[in-house]
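What follows is chain A paired twice: with chain B in the first complex and chain C in the second.
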Partner chain A sequence: MINSKKIVLVGHFGVGKTSIVRRYVSNIFTTDYKVTIGVHIFKKEIEVNNNKLTFVIWDLEGKDDIEKVRVSHLLGTSGFIYIVDPTRNTTYVNIESEVGYLKSNYPKAKLLTVANKVDLIDKEAFLKDVSFPIDFFTSAKTGDNVEEIFNKMGLIFLKDL
Partner chain B sequence: MTDSEKLVKLKELLLSEDRDFALQILQKLESIESTLNEEQLLAQKVNPIINKKLDTFTEEIPSKLGPTITEALKIQIRDSQEKVVEALFPIIGKMVKKYIQQEMRNLSDNINSQVQNTFSVKKWKRKIKSLFTGISEENIILSEMVKPKVNQIFIIEKDSGLLIANVSKDEENIDKDMIAGMLTAIKAFVEDAFTKEEQSLELIQYELYNIYIQNLSSYYVAVVISGSFNSGFKEELEDKIFDFASKHKKEKLIENSKVINKLIESLFND
Partner chain C sequence: MIQKAIDRYLNNKVQTIQFNSDGKIIASDDILFPVNKEETIYAIHPFFDFFQEIITEKKRREVFKMILLEINKKNLVVDILVYSGSIKTKPYMLIFDKSSFYKEIQQITQEKNELFISNFNENQKNLELNNEKKFKNKFLASISHDLKTPITGVLGLLELFKKENLAYEQKELLNTISSTMVHMNRLVSDIFDLSKMEYGEFTIEMVSFDLDELIKNIERVYLEKFLLKNIEFQIKKPNNIPNYLIGDYNRVVQILMNLLDNAYKYTNQGKVVLEMHLDFRRAKNIRIKFVVSDTGIGFEKDDNNQFESFKKLHDEDIEGSGLGLSIVLRLIELMKGTFLFNSKVNEGSTFEITLPFEVDVNSQKNNFLKSKFSKVNIKNKYNILIVDDNEINQLVLMKLLVNHGGFYMDIANNGERAIEMIEKENYDLIFMDLHMPKMNGFEAIEIIRENTENNKTNIIALSAYDIAKDKELAQKLKVDDYIVKPFSSEELFTSIYKVLKIKKEAT
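On to the complex of A and B.
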């Protein structure tokens, strides 16, 4: 029985998808921004409640509209991580409809919302501005809460096993 | 004391200091002159300075002169291509010749070892094949040498790109799950970008290897092949994969990947 799960990172460009996955998989962070073209694939094996899980993580290139993301990259996804940048309003202004699109088209997939770059913002002001619940506030730069997103995803998957 | 004696005394008083000073300068000049004229003395003084400068220069060559040399070489090659070709041709020619000679030697050794193996069953099979087909034994041996070989097989879930099963003849360093993911991403990209109708990526070629991809309903099979991949081998492979797929549905494969690994191994072993 294979316990491999496909996790897809989605969100606008520059929100820190690659930084989050690199921090999680390799525990590194760099300030030089290199735009992702197409997709990068990472792998991480974890243990949640004595269960071994393999995450194959698809870090997709950023798109300002979720409907522009290549459908073939989203198929077969077990868990989506929708990431926004709280310092740029345009990355979360449509969060409700974008998350809605993922939920209606991929109803079996789990979804977590993440606000990255939390080290750069006033959290209270951001919470007043955003119209959708955010599951995790992370900083790929400091590593805050990054691992927790994937652990939570692992726990959600385990419930279905 | 006479007037002349007084004058001498006065001169002595006035000029003695200047004279001493002039003498010192003269001595210093002589010392400098001897240093400059005698190679050994000059070398003692100058060599450390030159050495230090040379060391600094050597350290700075890549950063300071590198771009200039590269640019100069580019211009030189562009402006006098024929001369460059003339200069490089003998060197490259020799290298290619040597490589081909080595490969021919290896091929000849392989053929000899096959021919000399008189007790081999394969030899008799070859002889009979040669007799019936009219193709010389040497040609049959040559075709056997470049015969396609299956090196790796991946069974990958179609949508997610997750690896269901894998068999490899060689020890590979790259992670199989990531290969499966990347193959799926490449396949999806090519299919989205270049096909208008229901078509799919069938073959990826890289240097000495081919990756043959066979799509099935819920998973696909990617086979890494070395040697000469021809249509006959492709058909043979297709038949085997379809036969395999008809016996094993995806759900069964996922449930029992260890047994499946053994099955695939036996199916694709030559």
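On to the complex of A and C.
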């Protein structure tokens, strides 16, 4: 249990948090949108550089303001994955302040930013529009880069071990 | 008994699990799901993993709401209260089944979020469409403006050419080229007007004009045209309509010419009549009904919506008429007029337009519109500076001035050069193109008016942009007159005579 890490997926509703976690844990994708109520929790064991890690992934209900997320859900978080939908600018206009809120309230937690649904956008135009660095461009639909987010998170955790 | 009824109503099933500081299960009432008493709480569900952290601290109490637990292939949405224990009490947790309550919330939230996303997508689509439309209109306005410059040049050169001694056949050819260019100019102007209307930069002017003069101008164009097609053309204006009105002269002409062109196109025999009626008058406000009727081929009306029906008629007939009829409809809308039409196949069509005006009670006759242009012989020569980046425009202006006589000329290719020249030389008049590279006409005029010794020099602004904004800006900079390209020699010299106060008595 030593290497069990709580990873929390945050972001507005409909950005694809559940799709990313389902693609990662079960390699499944469906186009229908089913709203997440509360929190769904998944577990996945991975191996990074010959080290075994257990990820307990918390898929939170989407909120348009990070401060509306229940504080109890964020207790003991080791890593945040902040996900935006590049097809809806309302999901990333406040990314800087949302990420800032997480960093100042959970200073020990690691954080990666993800733009999902890249199969639907003009990446160059999005990059001009978004004011904050994005670590990963993913598509839960095609599976592009999804595993890479968690591998990267694993590498970051290992550095601290 | 009462508690049971309350519990049933609240549907509050609660499971209690007690465990030790290692997480090993001590007891469970298994109300919601069975647990293996030999296991730890961490084996129940990954959610409980981080309880390790909570139970290291004594007397800690945490509540977790809306947790989805999938246990034994059964989904439960629960609230969980965990207590980390004290010296007297072992750690425990209470699991409250809220599945039915959260199911309702789920449905409501699902609908709300879906609606939000679909509204967003709809707005986004509209935004993109508007941006595309805006881009298209700006592109059209810009390209039509660029086309106007060479057309102006060619029309100017043709006008000069007509004054040469030419053989009959050459004159005929020149007339054909000339009328083709005039037609092209009208098409380009139509595109320009429509694109301006689309992005809201089109304004209706309110200037004084003489209705009799307007009718004479129309008669001059169409009488011969209809005569050549063997069609009778009549204009009827009753005496109760005042002559001096305030309104948009050019746009009224544009509407009437478009309707007469339409009548010309679809009438092969009989007659075309332009009639005017006084529709309404109260104090200064007046409404005039213009009726254009023909004995042409007519068409079938397929619905009651006049505007839509007329637009459809126009859409079906792409050939020839350009964008004129679409513009007519937009102009009538912008002028707050009304439009009606009637038509019968093989009998003809009638178009009725009602436009509001103001009666210009104080007006004297408008010299520009009323008086016929006549050349004035100039005794003392005037010193003129032409500022234009386009060589054809320079040539046309120069040739017109040379042919007229009475002017010395200098040329500057841009505003910067013009200012240098003005500082060295005194000019009676500057022709200033407003759109030039390096330094445009607006900047140059501003510098001339504010900084040079010759700040009172007469300036006539020239522009192929006849946007009201251009004109307004030029007037703010106190130009003495404003001419829209392409211009006729009559327009040019009327402006020169006005600005330089050259009087006809001098002839």
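Criterion: the second predicted complex is superposed on the first by the 160 of 161 C-alpha atoms of A that agree within 3 Å, B and C clash if a C-alpha of one lies under 4 Å from a C-alpha of the other, contacts with A are read in each partner's own complex, and residues count from 1 in each chain.
One rule holds for everything that comes next: a contact is a pair of C-beta atoms (placed from the backbone, for glycine too) under 8 Å apart; a residue touches a chain by one contact, two chains touch by 3 or more.
This structure is a prediction, so every number in the text was calculated from the model and none was measured.
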When the two structures are superposed on chain A, do chain B and chain C clash or fit side by side? clash
When both complexes are superposed, which of chain B and chain C contacts more residues belonging to chain A? C
Partner chain in contact with A:K103 - chain B first, chain C second, else both or neither: neither
Is A:K123 in contact with chain B, with chain C, with both, or with neither (first, second, both, neither)? neither
Is A:G76 contacted by the first partner chain B, the second partner chain C, both or neither? both
Does the superposition put A:G38 against chain B (first), chain C (second), both, or neither? both
Touched partner set for A:S4, first chain B, second chain C, both or neither: both
Just one of 56-64, 110-118 or 218-226 in chain B runs into chain C once the structures are overlaid; which is it? 218-226
Starting from the residues of chain A touching chain B, keep only those that also touch chain C in the other complex, and list them. 1, 4, 6, 38-39, 41-43, 54, 56, 70, 72-73, 75-76
For chain A, which residues are in contact with chain C within the complex? 1, 4, 6, 13-14, 33-35, 37-43, 54, 56, 61-62, 70, 72-73, 75-76, 87-88, 90
Chain B residues touching chain A in their complex are 157-164, 175, 177-178, 180-182, 185, 188-189, 191-192, 254-255, 257
Touching residues (chain side chain C, partner chain A) in the complex: 42, 45-47, 49-50, 52-54, 62-68, 77, 102, 105-106, 109-110, 113-114, 116-117, 120, 124
Hey, which residues of chain A end up touching chain B in the complex? 1-2, 4-6, 38-39, 41-43, 54, 56, 58, 70, 72-73, 75-78
